[in-house]
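Consider the two complexes below, in which chain A is the common component and chain B and chain C are the respective partners.
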Partner chain A sequence: MLDAILVMSGLALFLGSVLGYASIRFHVQGNALVEKIDAILPQTQCAQCGFPGCRPYAEAIAEGRADINQCPPGGEANIHKLADLLGVEFKPLNAEHGEPKPKSLAFIDESTCIGCTLCIQACPVDAISGAPKQMHTIIASECTGCELCVAPCPVDCISMVPVAENISNWKWKRPSYLEQDAA
Partner chain B sequence: MRKLYHFNGGVHPPQHKSESTRHPIIKPPLPEKLVIPLHQHIGNTAKPVVSKGERVLKGQKIGRAEGYVSSAIHAPTSGTILSIEQEPVPHPSGLRDLCISLEPDGMEEWIELQPVDYLNTDPSTLRNRLRDAGVVGLGGAVFPSFIKLNPSNRKIRTLVLNGAECEPYITCDDMLMRQRAAEIVEGAKIMRHMLQADEILLGIEDNKPEAIAAMKAASGDEMEVVAVPTIYPGGGAKQLIRVLTGIEVPAGERSTDLGVQCFNVATAASVYRAVRYGEPLISRIVTIAGNVANPGNYEALIGTMIDHLILQAGKNEEENVAIMGGPMMGFDLPSVRVPLVKATNCIIVKSEKLFPKRPAPMPCIRCGRCAESCPADLQPQELYWFSKAGNFGKAQEYALFDCIECGCCSYVCPSSIPLVQFYRYAKSEIWAQEREKKASDLARIRHDFRIERIEREKREKAERLAQKSAKAGSEQE
Partner chain C sequence: MESYLLILVGTVFVNNIVLVKILGLCPFMGVSKKLEAAIGMGAATTFVLTLGSGSSYLISKYLLGPDLSYLTTISFIVVIAGIVQFTEMVVKKVSPVLYQVLGIYLPLITTNCAVLGIPLLNLQQNHNFIQSLLFGMGGAIGFSMVLILFAGIRERLEAADIPAPFRGSSIAMVTAGLMSMAFMGFSGLVK
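Right, the complex of A and B next:
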C-alpha cells in the first residue's frame, strides 16, 4: 500500500517537474494562433472588418470576438483558409463589411492636390510621399489599395485605379478542358 | 571515344529539319521600320536612354541595363527614333510592352567599335562589356550571359556548349555551326578564359553530320566535339550535361555547384563578336519554316516585324498563324505583326495539314506513359491531378518546379490531355501567390513600423511636456 503511494507520488513529482521545465524551455513567444491568422489576412489594413487593422482583427478572431467572414479584400479564398485553420464551417462573406473588388491602387491627381497631408496621416502603410503645401504622390509599390486615403481628401483628388494586366503579372490560364472534370 | 550517358524518357517527334537547311543563311533586306522591345531578357526591363526624334547609329545603346539581372538594348541600324511606346510584343498573352520604334535611314552607319584583347583583360571588365553589349542566352531562355560567366568562388571544370538543337523544325544553330564554326570556337575560348574552365565539350545531335564535321574541323585541340544521340529533349541544359558528363543536377541545385556551366553555341558566337569586335547583339539567326514556299534561316535585325520575315520566306497572306519557338515548347503568336526579339530562334507558319487540331481530351486512364517519357524523372500524372484541382502546394511537393516544360508528356498522352499546359498554369498561379505574399509581408512590416513610430512620437511628446512642467515648477520655487 505504502509502496504504491510512494511510487505514484514519485511519478507525479517527476512528470510534473518535466512538464514544468518544458513549459518554460519551449515557451512560445506571443500568441501562435494570432500569428497564424495574421499570416492569412491580406494586410491591406483597410479596417473594413471593423477593427483598426489586420492584426487587431486576427486577435479578435482568436479570442472569438469576431467572425471569420468580415474581410472583403481576402475574399472567399481566405475565409476557406481561416475555416481550415480554425476547424470551423465556411460561411460566405458578410455583406455588411463590403464587397470584394478587383485589386486597385490609389492615384493622386497631382494638379488638383493642395498639399494638406490628410491622406498621408490616413495611410496605414506610409505609402504616400509629400509634405505640407507640397504635392503628394502615391508610392505604387507600397500601396495596399485600402481606400483609407480617399475619404479624408478635401478636394477629392484621389481615385482608385484597378491594377491592369501587364506582361509581368500576366498568368497562364487554366487549360479549357472538355473532359467535364469526369476523372 | 567519350563514354556517353543517357537520361530517362524522351520522345522522337518527326524532325522537319531538312526543309530549312537547303540553302545558306540569308540576309533579308532592311525593313522600313524596326520595333525594339526593351524587355527581351530575363530580369529588369532596360531603361530607354534616347528620346523621340533623335538620330541613332547602328549599335548605339538605346536601353541601359537596370539593376543586376538585366541587359542592354541597342539600335540594330542607324536611323531616327520614331516613338517610345507600348507596342504588341511576341508574348503568349498578346499584351503590349514598352518598345522603341526606329526608322532606318539605310546608311548602316556604325558607332565607333571598341575591340578588347580578352587575354589581357580582367574577367570582371569582360562581364561588364557583355552586359553593355546586351549578350543573352540565345537558346531561348535569354538569361543575361555575364551572370552565368561569373564563377564566384566555384570551380568550373567543364564548359558545355549546347549545339544539340533537339526541337523539330529549328535549324538556326545547325546553320550557324556549319557556316561560322570559327566564331563559336573563339567565343568558347573567351568563355573558358572567363570561367577558368579545364575543358570544353560541344554536344551536337547526330542528325547534324555537316555541323559536326564543320565544328570538328574548326575546333582543333581547343574543344571536344561530341555527337550525341538524337532524342528530344536532348538539348535541354540538364539533359545535355547528363549525357556528356554523367552528372545529374539535383533538384534545387545548379549545374555550376557541380562544376559545369552550359551555353548555347549562338551565345558563344555573340560573345566572340562582342569582345573581339565590340559589336553588341543587334541581330540573330532565325529559322522560318512550316507552311512557307522557301523555308530557311535568316539573319534578321532585332525588331524586324515577323510578317516581313514570313514574306521573305514566300508566304504572302494577311492572316498567317505562327508559332514562335519549336512545336514542342513554343507558343502561338497572338499576331504576326510583332517584332523579332533575342529569344526568337524559330517561326513556324502553321497550316491545318502540318498541325492538325488536337483531339478533345479524354479522361486519364493512368497508363503511365507520361511518367515513362518524362526526362526530368517526375510523375506527370500526379502533377496533373494536383494542378487541375488547384492543390498547388502538393504540386510543389511533387517537384513541379523541376519540370522543364518540354511537353513530352502531352506528346505521348493517349487521352490528349494538355498536361504541360496545366503545369504552366500551376507555376504561374504559384508565382502570383508568392508575389501577393511578398506584398502583404511588406505591408505588415510597414504598418507595424508606422504604429511603433506613432507610439514613440506620443511618448516623446509626453516626456517633453513632463520636462517642461518640471522645469517651470522648479523656476517658480
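Right, the complex of A and C next:
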C-alpha cells in the first residue's frame, strides 16, 4: 500500500517538475493585454483609427501610443469597455476619426459592376467574391461594413446599406446610453 | 534485427492500429477533414506514442514490477497525460499555426485509446525496450498513414456528388469501412 502511494506520488512529482521546467523553457511570449483589447475591438479592420487594422490599434493602445476613443465602428459602448479594462476615464469619440454609424453592409449593384477587382483588393476581410471581368458580389456574412471598398470602385456601384434591426440582431443597449438619452 | 523489422511492418500494415485493431477512432474521424491538420495530428501522435510506449515500458519494468502491476493503467495514463502536456507546450512554441489547427484535438491525444492501447499491448506481448519503442512508433506511423490517406479521400469527397442521405459523417464511416477491408489484404503478410 505504502509502496503504491510512494510510487504514484514520485511519478506525479517527477512529471510535475518536468512540466514546470518545460513551461518556463517553452514559454510563449504574448501580451495578454493586447489580446484583451483586441477582443473588445469590433474587428472591422476599417483602419479609421489610423492604424492598419484592429490588432495594430490594440497594440498601440497597450503601449500607450493611441487613445481609446479612435474607433468609430465600436462606438461609445466599446470606449466604455476599454475604459473599464484599462482603468481610465471615459472620453467621447474623437470626431476626426469619423462618426459612429448604424451597422451597415456593402452592397454591389451588380448591373453596374465591371469586374475590375479593385474592391476585392481593398477588402480587409475577403468578403467580396468575384474574378476579373466577372461580376462581383458581397458575402454578407463576412462583411464588416468598413466602407474601404467604396472609394476604390471606378463606377461607384458599391453602396452601404444599413442593417435593419430585427429579432436576431437586436441587443440590449448599455445603461450609459440610456442615461445620456434621458439627460 | 529481422524481428524488429517485422514488428515495424507488422504494426504499420498488418495489425494497423486504426483499421484492424479499431483503436483511436476519435481523431481518425475528427481530424481527417483537412490534409494539413491530419499531417500535424499524425506527427504529434507519433511523438507522443513513441515516447509514451518507451516510458511506459520503463515504468512497468523498473518502477512498478510484478508487485504493483495493478497500478499499470493509472500510471500509464498519468505519464501519457504528462507527455501530451509537454507536446502541447512544444507545439505552441514551435508552430503556433499547427497549434491553432489541431485545437482541441491536441489535448485529446491523452484520451486517444491508441495511445493507451499500445503500451498495454506491449505489456501483454512481453516486448523488450527496443521492441516497445518500435511497436509504439510502428503503431503511430500506421495511424498517421491511415489518417493522411483518409484525409486525402475526404477532401476529394467534399467535391464529389454524394447522394444526400450519405453526406458528411455517413460517407466517412463507409469509406473507413472500405479502407479497413482493404487493409485486411495485408493479413498473413507477417504473423
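Please note the rule applied: the second predicted complex is superposed on the first by the 137 of 183 C-alpha atoms of A that agree within 3 Å, B and C clash if a C-alpha of one lies under 4 Å from a C-alpha of the other, contacts with A are read in each partner's own complex, and residues count from 1 in each chain.
Basically, contacts are C-beta pairs under 8 Å (C-beta built on N, C-alpha and C of every residue); 3 or more make two chains touch, one makes a residue touch a chain.
What you see is a predicted model, and the numbers here were worked out from it, not measured in a lab.
Contacts of A:P124 after superposition on the shared chain: chain B is touched, whereas chain C is not.
After overlaying the two complexes on the shared chain, residue contacts for A:A4 are found with chain C alone; chain B is out of touch. Of the two partners chain B and chain C, it is B that touches the larger number of chain A residues. Once the two complexes are overlaid on the shared chain, A:A22 sits against chain C while remaining clear of chain B. Once the two complexes are overlaid on the shared chain, A:N169 sits against chain B while remaining clear of chain C.
When both complexes are overlaid on chain A, the residue A:A12 reaches chain C alone and has no touch with chain B. Of all residues in chain C, those touching chain A in their complex are 59, 63-64, 67-68, 70-71, 74-75, 78-79, 82, 85-86, 89-90, 92-93, 96. Contacts from chain B toward chain A in the complex involve residues 39, 89, 91-93, 95, 97, 360-364, 388, 417-418, 421-422, 424-425, 427-429, 431-432, 435-436, 439-444, 446-451.
Residues of chain A touching chain C in their complex: 3-4, 7-8, 10-12, 15, 18-19, 22-23, 26-28. For chain A in complex with chain B, the touching residues are 38, 41-45, 53-55, 124-127, 142, 144, 165-167, 169-175, 177-179, 181-183.
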